[in-house]
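As written, the chains take the letters A, B, C, D, E and F, and residue 1 is the first residue of each chain.
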Amino acid sequence: MQYPLSPDVKPEFCSLGSFMRLPAARPGARLAIVGMPFDTAASYRVGARFGPQAIRLASMLLFPYNPSQATYPFEQTKAIDIGDLSVIPHNIHKSYEIIATQVEELMRAGMVPIGLGGDHSVTLASLRAAAKVHGPVAMIHFDSHTDTWDTYYGEKYWHGSPFIRAFEENLLIPSKVFQLGIRGTLNHPDDMNASTDLGFNVITTRAMKRRGMDDVIKQMRETIGDTPVFLTFDIDFVDPAFAPGTGTPEVGGYSSFETMEFVRMLTGFNYIGFDMVEVLPSHDHAQITALLAATLVHDFASLVALSLQKPELSPAGASAQL
Amino acid sequence: MQYPLSPDVKPEFCSLGSFMRLPAARPGARLAIVGMPFDTAASYRVGARFGPQAIRLASMLLFPYNPSQATYPFEQTKAIDIGDLSVIPHNIHKSYEIIATQVEELMRAGMVPIGLGGDHSVTLASLRAAAKVHGPVAMIHFDSHTDTWDTYYGEKYWHGSPFIRAFEENLLIPSKVFQLGIRGTLNHPDDMNASTDLGFNVITTRAMKRRGMDDVIKQMRETIGDTPVFLTFDIDFVDPAFAPGTGTPEVGGYSSFETMEFVRMLTGFNYIGFDMVEVLPSHDHAQITALLAATLVHDFASLVALSLQKPELSPAGASAQL
Amino acid sequence: MQYPLSPDVKPEFCSLGSFMRLPAARPGARLAIVGMPFDTAASYRVGARFGPQAIRLASMLLFPYNPSQATYPFEQTKAIDIGDLSVIPHNIHKSYEIIATQVEELMRAGMVPIGLGGDHSVTLASLRAAAKVHGPVAMIHFDSHTDTWDTYYGEKYWHGSPFIRAFEENLLIPSKVFQLGIRGTLNHPDDMNASTDLGFNVITTRAMKRRGMDDVIKQMRETIGDTPVFLTFDIDFVDPAFAPGTGTPEVGGYSSFETMEFVRMLTGFNYIGFDMVEVLPSHDHAQITALLAATLVHDFASLVALSLQKPELSPAGASAQL
Amino acid sequence: MQYPLSPDVKPEFCSLGSFMRLPAARPGARLAIVGMPFDTAASYRVGARFGPQAIRLASMLLFPYNPSQATYPFEQTKAIDIGDLSVIPHNIHKSYEIIATQVEELMRAGMVPIGLGGDHSVTLASLRAAAKVHGPVAMIHFDSHTDTWDTYYGEKYWHGSPFIRAFEENLLIPSKVFQLGIRGTLNHPDDMNASTDLGFNVITTRAMKRRGMDDVIKQMRETIGDTPVFLTFDIDFVDPAFAPGTGTPEVGGYSSFETMEFVRMLTGFNYIGFDMVEVLPSHDHAQITALLAATLVHDFASLVALSLQKPELSPAGASAQL
Amino acid sequence: MQYPLSPDVKPEFCSLGSFMRLPAARPGARLAIVGMPFDTAASYRVGARFGPQAIRLASMLLFPYNPSQATYPFEQTKAIDIGDLSVIPHNIHKSYEIIATQVEELMRAGMVPIGLGGDHSVTLASLRAAAKVHGPVAMIHFDSHTDTWDTYYGEKYWHGSPFIRAFEENLLIPSKVFQLGIRGTLNHPDDMNASTDLGFNVITTRAMKRRGMDDVIKQMRETIGDTPVFLTFDIDFVDPAFAPGTGTPEVGGYSSFETMEFVRMLTGFNYIGFDMVEVLPSHDHAQITALLAATLVHDFASLVALSLQKPELSPAGASAQL
Amino acid sequence: MQYPLSPDVKPEFCSLGSFMRLPAARPGARLAIVGMPFDTAASYRVGARFGPQAIRLASMLLFPYNPSQATYPFEQTKAIDIGDLSVIPHNIHKSYEIIATQVEELMRAGMVPIGLGGDHSVTLASLRAAAKVHGPVAMIHFDSHTDTWDTYYGEKYWHGSPFIRAFEENLLIPSKVFQLGIRGTLNHPDDMNASTDLGFNVITTRAMKRRGMDDVIKQMRETIGDTPVFLTFDIDFVDPAFAPGTGTPEVGGYSSFETMEFVRMLTGFNYIGFDMVEVLPSHDHAQITALLAATLVHDFASLVALSLQKPELSPAGASAQL
C-alpha cells in the first residue's frame, strides 16, 4: 500500500476511524461494525454515503457500558469495526456484491454484523448474505415506509424496493417479517397491500401507539420465536424533530425515548445481523440524528451481548432500575 | 404578458410552482390552494412571505393517497393551486383586499380555499370573505397565542389582532370559536381574558392534554354542529422542536404525532375554508417545519374530501387500521 | 470608566444587555440574574460562555406574566440582572472565586440568584456561596449525567465533577440531593454508584416516566421539606430534539412540555438559588434551546415569586386553568 | 418604568446593549450610534430589523484604536450609543418621523449620527433630518442598486426609492451625489437613467475597478468639496461572499479589503451623518457580514474623529505604515 | 394527466417553476433552459439533482435587462424553460439518452439549450446531441478539474470522465477545446497530461491570472474562430468562498467579479449550447452559489442574444459604461 | 488496551483517522502530522479542539501530487500522521508539556512536524521543542494578530501571548521573526509596538499588498537565510469570506488564491516545523475553512519535500506551467 491513500485506491467518502475507536480485528470477535456508504439507490435527497462517518464521529460521545441492559456490549462481544466497504457509487450490483460477500464472510466467521448505511437498498445485500448462511430469515424492520414498491421509473433496484426483491429472492420468511412504524401518504392503498400481500406484518405508528409496545412485542416474540432474525432500522422511523438528517422524512413518528424503550425490550431474539440506514449528515444539525443512530447501534450491540450471556442472566433487573 | 416575468409584474418572493404540482385550474374544482405571502404585520421575526414557497417545495415529498382517512384528497376535490396572490408588502389594507376578493371568488365558485401564509393577519382577510359569503362563521383556531391583542404601538392591524378585529367586524360567532393550544407568558392575565371576554372558547395546551382529545373534540362538535367553520392553523401551535421555522415560537407544544392525530379526528365539520400560517423558512432546518405544514395541508384537504363523500362512508375503519 | 469598553476591561464574550431588559439594580430586589460565562471545564464541545448572551436574547420573546403560576415573577421579586461576571477562561479557581463571592453577596443581600452558565462546573462555586450563607443545602439537579465523576485526566475540577467536589467540601446534605433525568451510556456501573454511594438520590429518565411526576415530587417534598434548596438545571436533561444546543447531548430525554410541567409542580420548596447551565449557542438553531432555557428561567423566577406570596395564595387554581 | 420591560413598552426586536459597550450618554459627545430596526419597506428577504443587534454583537470583537487611521474614534468623539429607536413595523411614516426627529435632535446637539439599519428606506428619514439642519446635502452612497426606482406596486415609500424621494423633497444636491458600486441586472436601461437623469453621479463596480480608487475619490473630492455630506452604506455593495447576510444580494462586488481601503481613503469630507443598512442576520453565517459592518462603522467613526483633529495631523503617515 | 402529479409520474426532485418565470413554450424561441437533475455520477458529495431548483429559485432576484451587455437576453431570444427532464437516478445510460434526445430536439428546432445540472457527466449527453447536429464541436470549459480521468473504480461513466469519453466518441475538436481554471492536487502529473495528450488546451487558474484575460481570450478567438462551440461551466471553477455549494470544491479560484468579467468578454463565438453544473444546494448558504449560477446563466443568455443582433451592434460601448 | 476506547482513556474530542489516510508510522519518515486539539487558551469563540478532525476530514478531498510544486509531498517525505495528542483541556502547562515532548521527539528522529491546532498557544509548546533541538529559531508567522500581548486578565499563557512568551524564553531569533498579515483594530498603538519592540518584523496586510509578494519574500530570504525556521499559520490570516471558521476573525484579509501563491513561493527555507491553528469547525460551513487549511498543509509538506530534493531540481519550471 502506498501512502497517502489516494482516492484512487479507496473512495474519499469512506469514513476515517472506527466506531468508538474499536480495533479493525481482534481474536474471538462476535460482532462487527461495517460501513456501507452506498447511496445511489436513493430517490430524493442523497448523501447517505456520509452516514457511516457521521455515526462514527457521534459515537465518540458514547461510553462502553449500557446501564439500561446492564451490559458492556462491545467488550463482551469483542467487537471490531472493519471500516467502510469500497462500494462504487455508480454500480449498484457490484456494490451489493461487495457488501454481500463481506457480510457473508463475517457471518461465517461467527460474527453478527451491524451495517452502517447508506441508503436502505444495502439491506438487500445483507439479506442475501444472511440467507446464504442461514436460509430465509425473519426480519424486524423499523421504517416509515414499507420499501416494497416494485420499480422506480423502470428500475428494480432502489431504496424503495429492497424487501420485495428480498421476497422474490426467497431471503425472508414472510410471515416472520414485521414492518414497524409505517406511516405517511401513499400512491394508493395498494402500496400498503404490497407488503401485506407478501405476507408481511405491517404495523403502523398509530397502531403501535394504540396497541402499546408490550402487545406488539408479544406478537413478534410468538411469531418469530427462535428463527434467525435480521433487524434493519431506517432512521426515518423516528420523527424528523429527533432525526432531521434523513432523505425522505415523514412527520408524526416516535420520539427518541419511545424508540429506545422499544428497542431495549427486543431482547431474546436470535439476531444474526443488523443495520442502521438512511442517516443523511447534510441535513442533520448538532449531530442529533447521528447521535441517535450511534446510541441505537450501542443498543443493537447490547442485544447481541445479552444473547451471548446465559439466559438466566436476564437484564430485567438492571433495566428496571435505570 | 412579456417574459421573463419581471419582479415588476409579480413580486419576486412569490412562489414558483404549485402544491404537489396541482394545475392552476380544472373543471369541477372544489378545493383551491392559495398562496398569501404577506408578512408585514409580523411583530418579531419576519419572512413568512417565503412560507408558501417552502410548503410547496416540501409537498414534493407527499403522495396522493391519505391512508389515515382512506381518501385521495386532491383528486376527489379536483383541487387546484392558483399560486401566490400579488400582495404588497407595504400595504396592509390593499393586501387584505386582494386576499379577501380572491377568497370570496373561490368560495362563491364552490371551492374551499386553503390559504398558505404569510403571517396570521391574513386570516382576517379570509374571514371577511367567508362572512360575506356565509355570514358570521365558527372557527377552529390552532395557535399558541390568542391573537386577540388590541393594538401594537397604536396599530390596529397586525398579526396579534386578527381575531379581535374579526369579532368587531362581526365575522365570527364568538361562542363557536375554539382557540386551541394557547400557552406561554403574557403581559397580563387580561391577555387571556381578551379572548374569553369576547365569548371565545380558549383551551390551553395543558388543558388539551389534561382533558384528552376526545373530550375537547366532543365539546367542539356539540358547540359548532353544522355551522360553517373556518380552520386556521398557526404552526407555532406545535412545539418548536417539530416546527422551529416560525416567527414567535413558544416552547411546550404538541408533537407532530399528537397534532396530526387531533386534526385527523376533526371529521364531520362543515368546513368552508382553511389556512396554514406563520411558516418561516429562514429559521427552518432540513425542511421539517415546511414538511409538517404540507402534511397538515394534505390532512385539511382530506377533511374536505371526506365531507364530499357520503356520510355513511365513515373513514373510521380505514383510519383504525393505519 | 473609559469608553468604549475595551475587551481589556471586560471580556468580549460577556453578554450585552439584560434578561427581559431588567435593570441592573433596584431597591428591594429579591431575585438576581447573574451571567457565569465560564466554559473552560467542559470536556467535549465548548462555547457555553456564550450561553448567557443567548438566553438573554431569547428572553426578548417572553412577557412578564406567567399564567401557569398566576404570577408576575420579575415584578413581584423586583428582579435585577447584574450582567455577566468577568470570569477568566484560563483560570478555573479564580473564576470560581469571582462567582462564589458574587453569589454570596447576593444571598446575603436577601436575593435568590439565578445563574446563567457556562458549563456545569460553575454550580460548585454557587454551592460554596450557598453553604457559606446557609450551611449545607439540599439540591434538585436536572441533568442526563450525575456529574460525580472524580477526575478527568487527572484534573479534579471539570464539568463532570462539581457534585463530588461539593460533597467533599460538605456543601450538600447528601440525602437531600435529587438527581433527575440521568440516562445514557457509562464507563462502568460504578459511575452511577458514584452518586448513590455518596447518598444522593438518583432518578433516571426511565424511572421518572415509570413512576410519574407526582410520585417523584412527593418523595422530594417529604425528603427535603423546608431545607434550603439549590436547583441546578443542565439543559441536556431535555431531549436534544428540544435542546440541540448543548455540549454533551444524550438522546432519550424529556420533551419541553414534560419538563415545564415538572418544573411548575415544584412549588413550595425553600429555594435559595438556581442555575441554568450548558446552553451552547453554536449548536443551537432557531434559538429553540435558548428559548427553552429562558422560559425555564421565567419559571424558576415564578417559583421564587410564589414563595414570597402568602402560602394560602396557592397557585393551584390558576394553574389548573391554564 | 416598570421592569421587566414588556414588549408592550419597547419592541422585542430592539437590540440589547450598545456598540462596543458605549454609554447611552456622556458630556461632549460628538458621535452617536442609533439603531433603526425598521424593515417593512424591504421588497424581498426581510429581517433587517435584527441588523442593529447583530452589528452590536459583532462589535465585541473590535478594539478602541484604529491603526489604519491612527485614531481612537470613539474616545476622541466621546461617542455614545442611544440604542434602538422604537420604530413601528407596520407604520412607515410614523417610523420615519421617529427616526427623523431623533436624528435631527442629535445633529442639532452637535453630534454626527451613525444609523444602523434596517432597510435602506431609513436613510430617507435621516436625510430629512439632515436637510432640516444643514439644507440639501451631498451624499456618498455605497450600494449595488441606485434605489431611485419610483414605485413598488403603487407604493412610493420602499427600500428601492429613498433617493428619488429625497430628490423630490429637495434633500440632496444632485450633482454632489455619488452612487458607488452599482451593478446587476435591471428592468430597463432606464433604471440607471433614473439616477443620472436626476443629476446623480453613478459609478458602477466595473467603472470603479477600471478607473481605480484614486481617480474616483479625486472626482468626489473636487465635486463635493466642503459641502456637508451624508455617507450611506448598503452592505450589498460588498460581494455576497464577504457579506452573505443581506436582503437583495448582487454577485460581483468588492472584497472586504478593497472596500475598507476605499472607505479609509475618504478622509477630509465634511461628514454630517452616516448609516449602515441592509444587514440581514438570518442569512449571515459565522457573523462575517455583521463583523464587516461593525468594522466599517469603526471606520466611519474614525473619519469623524479625524475631522475633529487639526488638519495638519494628517493620518497619511500612520496609514502608510499599517 | 391526473393531478396531483404523483412522484410516480415525475420524480419528486424535479424543480417547481421556471427560470425567471419563463413560459414552457412560445413561438420563435431561440433559447431554452433545460433542467438536468442527474447526480448519480458524482464521486464525493452528491445532491446536485437539486441544483436546477436552486438556480431557478435564485433567478427570482434577477431582472430582464443585462446592462453589462446592453441586452434583454430572454426577451430577444424569446427564451423558454422546458423544466426538468425526468432523468432516472439509478440509470446513467437511460438518463444520458433522455438528455441527449431532448437537447438534440431543441438544437434542431433552432434553439440554444442552457442545461442546468446535475453533475458534470450530463455534459457528455449534451455533447452527443451537439455532435449529431453540428458534428464535432469546440468547447469552452470552466472548471477546476479537467474531467478527463479515465475510470473510477472500473466505471467509465462518471463526473470525472465526460471529456475523455467525448474525445473517444469524436464529439469534440480537441485543438479547439479550452479547459480554463484547472487547479488543485492530482494523483499524478499524468492527470493533467490526460488532457493535453488529447490535444486539449489546459489553462490553469494561475496561468489565467498571469497571462491576463485578454491574452487568453485572444488565443481562444484565434483558435476557435467560427466553429460551433459548447460552453460548459462547472461552478467549482469559482473559489469556494463565492461558490461553497458544490461537490468537489478546490480552494484558490477566481472571484465572482473576475469570473463575470471573463464570461462577459466571451462575445462573438458561435455558441450552440451551454450548461451550468455541479451546484449543490445542501452545501450552499444564503443562496450565494445559486445566485452566482443564475447570474451566469443570465450572462450566457446574453451571449446568445448578442449573437442574434447584427454584428455591427457591438456591445462594447454599453459595456464600457457599466 | 481495552476496546472500545473509552473517553476515559483518550479524550473524545480527539480525531478519528489520519490526514489523507497516512499511516501512523513507517520507516524513513521525514514528516509527521500531529494533532494538538487544545483550545483552552482561546479568548473569544472556543472549539478549535475539533480543528484537527475537521482538517483531516477535509484532506479526503486532496490527491497525492502537488502540481504547483511538481512534488509528491507525502510520499517523498514518507509522511506519517501520529494522531491527536492527549492534551488536557483544563491544564495548560501539562498540555504544553505533552506537545513539546512529542514535537521534540519527532524532531530528534529527523522529522519535520506539522501541528494541527488547536488555538495559537500550542505554538509555544512547539517552539520550546524546536529551541531545545535547534536553539533559537527563525519564524514565519501568518496571522491577523501579532499574539504578543502580555497578559489576559492576569493570565500569562493564552492564545494572544505565545510569541512574547517565546521571546522571553529565548526560543526565537527576534530579527528573524516575520509576522505577516497583521491587521484590525487594537487597544493601543503599543499593541503593534509590542512586537516591533521585541525586534520582530511586522508586515501588515496592507503593506504586503502595497509592497508585493516578491519584495516581502526577498526581505525574508535575505534576513533568514539558512537559519532553521518554524512556520506558523493562523487561519485568520485569510479573509473570513474564505475562512469563516475561526475564533477571532478579522475582515480585510488575503484571498485563498493570494495566500497559496505566497506560501508556494516560500521555497528554499530551512524548515524545521510547521503548524496550522485556529480552525474552528463550529463556525465553518461547507468545509471551506477546513479544506483551505488542509490544502495549505499539503503545501507545507511540499515545501518540506522540495527541501529534500537536490537544490538544482528547482520547482520553478513546473510551477510556472501550472
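One rule holds for everything that comes next: a residue touches a chain if its C-beta (ideal position, glycine included) is under 8 Å from a C-beta of that chain, and two chains touch if they have at least 3 such contacts.
Note that this is a predicted model, so its numbers are computed, not measured.
Student: When you check each chain against subunit E and subunit F, which touch both of them?
Tutor: Neighbours common to subunit E and subunit F are A, D.
Student: With chain centres set to the mean of the C-alpha atoms, which chain is at the far end from subunit F?
Tutor: Farthest from subunit F by mean C-alpha position: B.
Student: Where subunit C and subunit F touch, do the two copies share over half of their residue numbers, giving same, or under half, giving different?
Tutor: Copies use mostly the same positions to touch.
Student: Scan E-F, A-F or D-F for the interface that duplicates C-D, counting it as a duplicate when over half of the contact pairs agree by residue number.
Tutor: A-F
Student: Measure off the straight-line distance from the CA centroid of subunit D to the CA centroid of subunit E, and report it in whole Å.
Tutor: Each chain reduced to its C-alpha mean, subunit D and subunit E end up 38 Å apart.
Student: Spell out, as numbers or ranges, the residues of subunit B touching 2 or more other chains.
Tutor: Counting only residues that touch two or more other chains, subunit B contributes 6-7, 12-13, 44, 60-61, 63-64, 187, 239, 241, 255, 283, 285.
Student: Which word fits the touch map of the chains here: line, ring, star, complete or other?
Tutor: Contact pattern: none of line, ring, star or complete.
Student: Which chains are in touch, pair by pair?
Tutor: All chain pairs meeting the touch criterion are A-B, A-C, A-E, A-F, B-C, B-D, B-E, C-D, C-F, D-E, D-F, E-F.
Student: How about subunit D: which of its residues touch subunit C in the complex?
Tutor: 2-7, 10, 12-13, 15-23, 26, 53, 56-57, 60-61, 63-64, 74-75, 79
Student: Which subunit D residues qualify as touching subunit E in the complex?
Tutor: 44, 182-189, 191-192, 204-207, 209, 239-241, 244-245, 248-249, 251-255, 283-285
Student: Please output the residues of subunit F touching subunit C within their complex, sorted ascending.
Tutor: 6-8, 11-13, 39-47, 49-50, 86, 88-92, 94, 152-155, 157-158, 187, 282-283
Student: Mind listing the subunit B positions that touch subunit A in their complex?
Tutor: Against subunit A, subunit B makes touches at 60-68, 70, 239, 241-242, 255-257, 260-261, 285-288, 291-292, 295, 298, 321-322.
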